[in-house]
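Chain lettering (A, B and C) follows the sequence in which the chains are written, and residue indices restart at 1 in each chain.
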Amino acid sequence: MLEASDLDCQRGGRALFRNLSFALRGGELLRVAGANGSGKTSLLKILCGLLTPDQGEVRWRGESIRRLREDYARNLVYLGHAPAVKDDLTAAENLSIACTLTGIEAPAQSVHEALARYGLPAGEVPVRKLSQGQRRRAALARLLLSQGVPLWLLDEPFAALDASAARLTEELIASHVAGGGAVAYTTHQEANIRAGVLRVVQLG
Amino acid sequence: MIAAARCIVARDLLLALRRRSDVATALLFFVIVASLFPLGVGAEPNLLRAIAPGVIWVAALLSSMLSLGRLFAADHADGTLEQMLLGAAPVGIVAAAKVLAHWLVSGLPLVAIAPLIALQYDLPAPLYGTLVLSLLLGTPVLSLIGAVGAALTLGLRGGGVLLSLLVLPLYVPVLIFGAGSVDMAAAGLSPQGQLQLLAAMLVASAAFAPWAIAAALRISTE
Amino acid sequence: MSAAIKWFWFASPQTFFPLAGTIARACWLGSALLAAAGLYVGFFVAPTDAQQGEAYRVIFIHVPAAWMSMFLYVLMAFWAALGLAFNTRLSGMMASALAPTGALFTFIALWTGALWGRPTWGAYWVWDARLTSELILLFLYLGFMALQAAIDDPRRADRAGALLAIVGVVNVPIIYYSVQWWNTLHQGASVSLMRSPSMASTMLSGMLLMALAFWLYSIAAALTRVRCIIRERE
């Protein structure tokens, strides 16, 4: 489904990676490994289309993502370092906006259920008042509503999570892959995800 | 696509509602700046009546420019801008929706308050209509052009001042025709020509600015 | 096909570097010669103006500088657009290299305009259409340079500056027209490509010589600057 060919990336005058190529098919899990600063986030951003590689191209189902633009974006969920939630809105409002913006149907009931599964208070509390871990969980709750989206690109999904939330996330990723989706994620830690085919891209 | 646009406008309006003070301070700036001029040039009624259109327009321009900082910066800082760039709607539509919400919160109130300022300057009653109309046509253009500058200067040091330097030269035609229309009306001539030019600028910028803003956002978030 | 290959070969900064040096050297020389000729014509050969006396001679610097300032902005926007469209590094560098020279000519045009204005209209600065437009053009140049200076990443700086330059060039006619409408005090253009010049032919030739001198100077300065930029980045 997703093909990266000959990717070159330079940041701040340093070459992060050269001639990087790999493919990711449905039912496969891609783990991007590497030390801090080795370009994991940059690689994920290139795969999203947020960053242009200095050379090379990324293809989705055979077509360059440069040309596909929104048609490609509709097929992916990207969760970056920042939780991407507005402090002044409640977790529920944030989640339903995030879903509407990516074209996912999210009736209020499902939004509340998703947040509840991640153990978030159902009250009308602005995100500003939540802890760091709770914010991450509010962002991850989006995964529960994104089963229908083929490609998940997750940057450090397990950061700042407690054991139960981390386990839930692992299960979600595993079931998504089992269901034919593709997930690419970066992590420092060794994650135990029992899923389809595991590929590893080592950077640095 | 329409759903996404509507969602963004609603979201930004909701955020502005929750941060009312940010919005109010920009409007207060408009009033304060306009009140400074008589203190600087003296309160001679004829002089004030003559400079009123220009002063109101410059104050509106500066206030509009000040509020541009709120357009993309907050979303860029917490990561939500990236998500909007990865949304199902084309980035141009996202940009247009954000600018619309921004104008509703920062531009439209200026149009509403302007008659009060005009009252302070003892602007003759028949000119109020032209003044309001010129601001109604001109402030969206200011928001659209300003948004291009805001998108280009996203996350840079020197932020607000740099933005002013980039955007003020581009504001000049709007200022000239906006204030000029009221001056024409004051001289007893028809302001139709200038108002039509403002309308033309509005149409042109509404058509082209969103794509420039989208390109600038992509350049700035890479 | 071979023409296309040759074109893109020169688009590489490495290969362009020596070529730029050669052209620049030739242009420095040419501009010095033409400037000497132009100034000679302007200050010694051209007759004294009936109304303005000797003071009008500053026009030999003012008008060509104003022409160059506008022309260089369009050229800068052209290179910027090329850089954005074809993603060539050199085009962006050319645009950045042209900006300071363009700003310099705008500044010269403003200064000489003021020097011309004092004896002619009694004030150093009158808010007439031409000078006001030049002032706004100066702000556009400075804005471009400030934006590029504020961005650390060279690629983002080139692309952001390019977008700004394109937006600027589209607005320049609108700004010009609006300022024209706003005020028409400046004596109308006495040299125009459309109308026949209303001045002695020696004056015209003097101005054209200076214009050419400025043109060659610009090429030389821009190419020298591009070489500096190339050396800095590669």
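A few points about this structure:
Assume a residue touches a chain if its C-beta (ideal position, glycine included) is under 8 Å from a C-beta of that chain, and two chains touch if they have at least 3 such contacts.
For clarity, every value in this text was computed on a predicted model and none was experimentally measured.
With respect to chain B, maximal separation of chain centres occurs for A (centres as means of Cα atoms). Taking the mean of all protein C-alpha atoms as the reference point, the chain centroid lying nearest to it belongs to B. The geometric centre of chain A is 37 Å away from that of chain B, both derived from CA atoms. For this pair, chain A with chain C, the centres built from the Cα atoms lie 49 Å apart.
Distance between chain centres (mean CA atoms), chain B to chain C: 32 Å. Within chain A, not a single residue touches two or more of the remaining chains. In chain B, the positions touching at least two other chains are 222. Residues 136, 139-140, 142-143, 146-147, 150-151, 155-156, 159-160, 163-164, 167-168, 171, 174-175, 177-179, 181-182 of chain C touch chain B in their complex. Residues 3-4, 7-8, 11, 14-15, 18-19, 74, 78-80, 82-90, 221-222 of chain B touch chain A in their complex. Note for the complex: chain B touches chain C at residues 148, 152-153, 156-158, 162, 165-166, 168-170, 172-173, 176-177, 180, 201, 212, 215-216, 219-220, 222.
Interface residues of chain A, counted against chain B in their complex, comprise 48-52, 69-70, 73-74, 76, 78, 80-89, 93, 97-98, 100-103, 126.
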